[in-house]
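You will see subunit A twice below: alongside subunit B first, and alongside subunit C after that.
Right after this comes the complex of A and B.
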C-alpha cells in the first residue's frame, strides 16, 4: 500500500509538470497582449517599459521556470509567514523574491485567492455535505424497494436533477423565490458580517438558494450511483447468507450491504470535490458570489494572465490530489484490491 | 436428467420463432424502458419542430422592432419578445438548430477521438502505456477553466479567419470534442482488451488478416455497444458545456444565439420578462433529460445480461 502511494505520488509529479506547461503555453502562445488595450496615445517606448515591468521581455522558458519557482518556493514561504508569524523573507532585501502579481490589481495573486476562498468554501462545503446526506438515504431506499413508487419517483427526480443544468435551476429559483415571492435576496452579499441574530438570519437567507442548487445537483449524481451500487450488492450470496442466519433485516441492509456498497460511492465523493469547484464557477456567476470562480471569470475577461494561470493550476492540483485520494481510499476500504 | 428435456424445449421454441437479429433484440429491450421511449419521442418532436418549424413560423429571428420590446407571451409573439423586440419563438427555433448541431458535431469529434485512442491502446501493446498516460493527463486537466481561457484567447483570430459564425462554431465544437473523449477511450480500451482474446480474432490473425482489417472488421463492431451509450451521453454533455460557456458570456455571439446564449441574455431581464429565461432553460433541460434517458435505455438494451429478461 505504501509502495503504491509512493508510486502514485511520483507519477503525479510529471503529470503536474506537463499540465503546468500546457496551461502556461496556452496562455503564452495565445494572441493578445496586456498592453494591447492601452490607448494609442501611449508611446511605443512606454509600452515597452510596461512589458518589461511585467517581465514579458524574457523568453518563454525563463518565464515558465520563474513562475514555477514563484508558485512552489516563494508563495509557500509567504503562506508560512502568514500562518506562523515567522519572518522568512526580509522585505528590505532588494533581491527578495517577487510574488506572483495580478495584472489587474498589481497585488499578489495568492492574497486575492485567500480573500475569495472563505465564501467559496462555505457554500461548496455545505452543498457537498447536504448533497451527500440527502443522496445516500435516497439511494439506499430506492435500491431496497426497487421499482416501488418511491424508487420510480426518486429515479425520475434524480434524472431531472442530473439533467437540469445549475444555471437554469438557479435562475428558476431566483424567479420563484426572489422575484415572485421575495423570500430570499437574488445575490450574495459578501460584505455582510454575522454579528447578531438578524445578520445571521440574513446570512442563512442568502445562502439557501446557492447551497440548494449545488447540493441538489450533487445529490442527483451521488444517489444514482448509490442506488446502482446497492443493487449490485443486494443480490449477492453474502446477503442471502446473512438473511438465512436469521439476521434482522435492518442489520442486513444497513450493516452488511450498505457498507460494501459505500466503497465506490466514497471514491465518487472524493472525485467530485474538484468537480464542484468547476460547478462553483457557474453557481457563483448566477448568485453573484464573489468567490474563486468569479475571480477566475473576471481574470479571464480582463486577460489577467498570472491570475488565470495560477487559479487553473490550483484546480489541476486539486484534481490530481483527489484522484490519488480516491485511489488510496478504494484500496483501504476494499481489501480485494491489491496494488502490488 | 429430468430437467434436460425442459431446457431442450426452450431451445426449440427459440429456434422455431421468427428470425431475431441483434439490433432487433436491442430494440425489443429498448422499448421496455419507458423513460427511454418517452425521451426519444420528445427528442424527435423537438428536432422536427426546430428544423421544420421555421418553414411554418416564418418570423425573422433577427428582425428588430423596439415598439414591442420586452413583451410577455402574446398572440403575435407566442414566446414573447426580447429587449430589442425580436421574436423569442423564432430565436428559440434558430438557437435550437445551433445548440443541437453543436451537440452532435462535438459528440462526433469526441467519439472518434475516444474510439481511435481506445482501439489503438487496447490493440497495440506498445501504444497502450503512452496513450493511457495521455488520457490520464487529459482527465487531470481542469476542463471548464481551460475551455474558457482557450475560447477567450482564440476567439478573435478564428473569427477573422473563418467568419464570425463558422469561426466560433469550429472553435467551440473542437474544444468541447477535444476535452471530452477520455471516458470513451477508457471504456473502449477495456472492451478491446477482452474482445482481442476471442477465438475469432485469433482465427483472423492465423489466416493472415492484416491489422487494419482485423480492427475494422472484427474489433470495432464488437465494441459498438459502449460507443453507442457514450454517443448519447456525449450529446448531452456537449449541449450542457456549450450552454455553460454561452452562459458565462464566452460562447456564441448575440446575433447567432444558442439556447445558452438566450439564457445568458435573458437573465438580466429576469424581473421584467421571466419567460425569456424559462424557454431556453426548459429547452436545454428537456433535451438533455431526453438524451440521458435514451442513454440509460441504450445501456440496458445493449447489456446482454439484462436483455431478454
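Right after this comes the complex of A and C.
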C-alpha cells in the first residue's frame, strides 16, 4: 500500500506540471485585459503604463517560469515563516523574491486565499456534513422500504432538491426570510468575530440560509446514490444468508448491507471534498458570503490572471490528492481490492 | 437507526429555534406591502416631504458629537480591491478611499470647486493663479494633522506628485499630473505648481478624489515600481479624512472608525463605517430599500421597474446624480471592410472613406429614427435622460441647439433619404447608395441594457430601410487596449458602435481635445487615441486650439457649445442618453448629497441619522 501511495504521488508531479502549463496557456491566450474595466476617462497611454507595471509586457514563458518559482519556492517560505516564526527572507534585502501578487488588489494572492478560507470552509463544510448526515439515513430507509410512501416522498423531494438550482432556492429564501419575515440577514458579514453569545447567535443566523440551501442540494445527490447502492446490495445472496442465519433485521441492514453499500458512497464523498475548497460560486454570490468562489469569479471578471492561475492550480492539487485518498479508502474498506 | 435520525433532526430543530428568536415585525411594513402601484407618486411625495422637514431641523441644531451615530452601513456591491486610488482607478476604490484620504479641493454636487485640505480655491483674483496661467499656488489649511497625529505639510503634497508621476509606478491618475514642470513646497503650508505651458484650467493636480494627498512618511519606500508591492500601505493608507481604516478585506468588506484627529471636532457623526461588497446591484438595492440592513447602496443599475417596486416598501429613497457621461453611437468615417486587410478602419489621411456612412444625410437619418425617450424609460429610468449633446453638463456648457432630436421622426428620416436619392432599387427593403446596400454592423459591449437598446434601434433602422447586424463583445475585451485583439472599441472594425464616455471632471478641455484630427485612432498610435469615429473637421481643430488659449470661463463655455454642435450636427456621434449614477439611501440617513462629479462619499463627514 505504501509503495502504491508513493508511486501515485510521484506520478502526480508531472501531471500537475502539465496541468499548470495548460492553465497558464489557456489564461494567457484568453482575451481580456486587467485595465479593461477602468473607466474610459483613464487615458489609454496611462492604461499602457499600468499594464507594464503589472509585468504584462514580458513574454509568456518568462512569466510562467517566474510564477512556478513563486508558487513552489517563494510562497512556501512565507508560509513556513508564518507558521514557525522563523525568518527565512530578509525584508530589508532589495532583491528579496516577490510573492504572487493579485493584479486587482496588488496584495499577495495567498493572503487573499487564507482570508477567504474560513467562511468557505465553514459554510461548505457544514453543508457537506449536514448533507451527508441527512442523506445517508434517508437513502437507507428509502431503499429498505422501496416504493413506500416515505420512499416516494423522499424521491420527490430529492428530485426537487437536485433539479432546483441554488440561485432560485437561495433567492426564494432571501425573499421569505430576509425581506418578509426579517429573521436572517441577506448579507453575510465576514468581519463578524464570535466573542460572546450574542455574536454567536448572529453568526448562526447569517449561516442558516446558505448552509440550508447547500446541504439540501448535497443531500439530494448523496441520498439518491445511497439508495441505489443499498438496493443493489439488499437482493444479494449474502443478505439472504444473513437473514436465514436468524440475525435480526437491524443487524442485517445496518451492519451487513450498509457497510457494503457505503463503499461507493464514501468514494463519492471523498471526491466531493475538493469542491468544498472550491467554494460555491453561485451560492456565495447570492448570500454575499465572499469566499473562495467569489474570489475566483471576481478574479476572472477582472482578468486578474495571477489569482485565477493560483486558485485553479490549488484546486487541481486538491483534486489529485483526494482522488488518491478515495483510492486508498477504497482499499481499506474493501479487502478484495489490493494495490500491491 | 431511528435514534440517529431523531438526534439529527432535533439538533437541526434546536439550531433553528435559537436562530429564529421572535422578532417584532413592524406593522407599518405589512401595510406598505399591500400598497397599490398607482399610489406610487403620493407615497414618494410623502417620503420626500418628511425628509425635507427633518433636514431643516438638523440644520438648525447642527451640533453633533463625534461618533455618536454608531455604525453606518454602506454597500458597494463591487467591493474595493484596495484603498489606493492611484493603483486602481476604478470608482469603487476611489469612493472607498475618499473617506480616508482627501485632495486639496474637490467638487460639489453641482460641479463647483470646494476646498478640502486647501484653505481656499486659488484664483487669478486672489493671486493664487499666475496671470500668465503658468502656475498655481495652493495655501493649505492650518493645523491639519494625519490620523496618526503627525502634521500634514506641503512636503506631503510634493511627495504625492512624485509618487504618481513616476512612470514605473503605473499610477492610474497619471494624467492628473501631466504637463507639470515642478511642484515645490514654498513653506510648510504653501505649494507652488509650475506648468510646462499656459494652463487655462489649473485645477487638475491634487483635485478630486482621484488625486488625493497620501502621507510622505508612510509611502516613502513605495516610489516607482515598488508601489505595486506596498500591500500594507495600499490596504490601509493613513489619511486626513473623517475615517480611519481598521480592517480591510479586498473585494469583500472594510471597517472604518471615526478619525480622532479629524479637523472638525464635532464630526463625523458616525463612529463606524461598515463597507460591504458582494452580490449584485439588485441585492444591494434590496438591502437598503426592503430589508433595511444597509443605509446606503451605490450604483443600482437595475431595471427601473424593479427598483420602483422596491421603493414602495417605504424604507429608502433613490437619488441620482448626473455628470457628463453620455451613451452614444459612434459612426465610423472610415471603411471597415475586412477585404482591406491592415487598412480596414484606418484613416489614411482621408483616403479611406466609409462607402455610405461618410454621407451626412445617412447619418442624420440614423439619428432621426431613434426614440431616445423609449430607450431611457426601458433601460435607465431615473438613471438616464434623453440627450442630443455629447456635452450634457455642467449646465453652463450645454447647448440647446440640438433638442429637436428628442422627438423620433421616422417619416422625416425616410423623406430625407428619398430626397438624397438613397432608395431601395432592388426591392429587398434595403436602401442602396451608389449600388451599395445600407447594411450596418453595430457593435457594443455585452450588457443586458445595451443589448435591449441594440434591438430597439435595429427595428427603427429597419423602418427607414437600413439593415443592422448586431454584435456584442465581452466588456473586458471591448474596452481593453490589447492591440492584437480585433474586437476593441479603438480598432472599430464595425460600421457603428455604442458605449458611454464622458469628461473626467467638470473641466472639458481634455474631453473636447479627443475629437481633433491629430487624435484619430489608428495603427500608428496602437488604436489608443480617443478620436474613435476617425472624424476630421478643420473648424473643430481651430476651435479647440482657441480653447487651449482661453482662460475666461464664459468664453470657454461658449467654445464648448460650438464644438459640441459641430460634432452632433455632423452626426458622427449620435448621443442617446445622458447617464447618471443612481444610489439609494435609507430614509433615516440624512445629509446625503449624491455627487457625480466627485466621490459619492465626498460629504460623509456631514451625514447624520434621524432620530426615530
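Basically, the second predicted complex is superposed on the first by the 311 of 340 C-alpha atoms of A that agree within 3 Å, B and C clash if a C-alpha of one lies under 4 Å from a C-alpha of the other, contacts with A are read in each partner's own complex, and residues count from 1 in each chain.
Basically, contacts are C-beta pairs under 8 Å (C-beta built on N, C-alpha and C of every residue); 3 or more make two chains touch, one makes a residue touch a chain.
The structure displayed is predicted, hence computed values, not measured ones.
Student: Given the touch rule stated above, what does A:160 touch, subunit B (first), subunit C (second), both, or neither?
Tutor: first
Student: Using the touch definition from the top, say if A:26 reaches subunit B (first), subunit C (second), both or neither.
Tutor: Touch status of A:26: first partner only.
Student: Should A:179 be classified as contacting the first partner (subunit B), the second (subunit C), both, or neither?
Tutor: A:179: touches subunit B and subunit C.
Student: Is A:252 in contact with subunit B, with subunit C, with both, or with neither (first, second, both, neither)?
Tutor: neither
Student: Thinking of the overlay built on chain A, is A:285 touched by subunit B (first), by subunit C (second), by both, or by neither?
Tutor: Both partners.
Student: Check whether A:234 is in contact with subunit B, with subunit C, with both or with neither, and answer first, second, both or neither.
Tutor: Neither subunit B nor subunit C is touched by A:234.
Student: Just to be sure I read the superposition right, which of the two partners does A:265 touch: subunit B = first, subunit C = second, or both, or neither?
Tutor: Neither subunit B nor subunit C is touched by A:265.
Student: Contact-wise, after the overlay, does A:46 reach subunit B, subunit C, both or neither (first, second, both, neither)?
Tutor: A:46 contacts subunit C only, not subunit B.
Student: Go through the superposed model and pick first if A:301 touches only subunit B, second if only subunit C, both, or neither.
Tutor: both
Student: Which chain, subunit B or subunit C, ends up touching more residues of subunit A in the combined arrangement?
Tutor: C
Student: Once the complexes are superposed, what residues of subunit A are shared between the subunit B interface and the subunit C interface?
Tutor: In subunit A, positions 31-32, 174, 179, 186, 285-286, 301, 303 sit in both the subunit B and subunit C interfaces.
Student: Give the list of subunit B residues in touch with subunit A in this complex.
Tutor: 35, 136-137, 139-146, 148-150, 152-154, 156-157, 236, 240, 243-244, 247-250, 263, 267, 270-271, 274, 277-278, 281-282, 284-285, 288-289, 292-293, 296
Student: Enumerate the contact residues on subunit A facing subunit C in the complex.
Tutor: These residues of subunit A touch subunit C: 31-33, 35-54, 98, 101-102, 104-108, 111-112, 115-116, 130, 133-134, 137, 140-141, 174, 178-179, 181-191, 201, 204-205, 208, 250, 253-254, 284-286, 288-290, 294-295, 298, 301-303.
Student: Which residues of subunit A touch subunit B once you look at their complex with the stated criterion?
Tutor: 15, 18-19, 22-23, 26-27, 30-32, 156, 159-160, 162-165, 167-168, 171-172, 174-175, 179, 186, 274, 278, 281-282, 285-286, 296-297, 300-301, 303, 308, 311-312, 315-316, 319-320, 323
Student: Once bound in the complex, which stretches of subunit C touch subunit A?
Tutor: 1, 4-5, 8, 12, 15-16, 18-21, 23, 25, 75, 79, 81-82, 84, 87-91, 167-175, 225, 227-231, 234-235, 247, 249-253, 255, 274, 276-280, 283, 286-287, 290-294, 474-482, 485, 487, 490, 499-504, 526, 528-530
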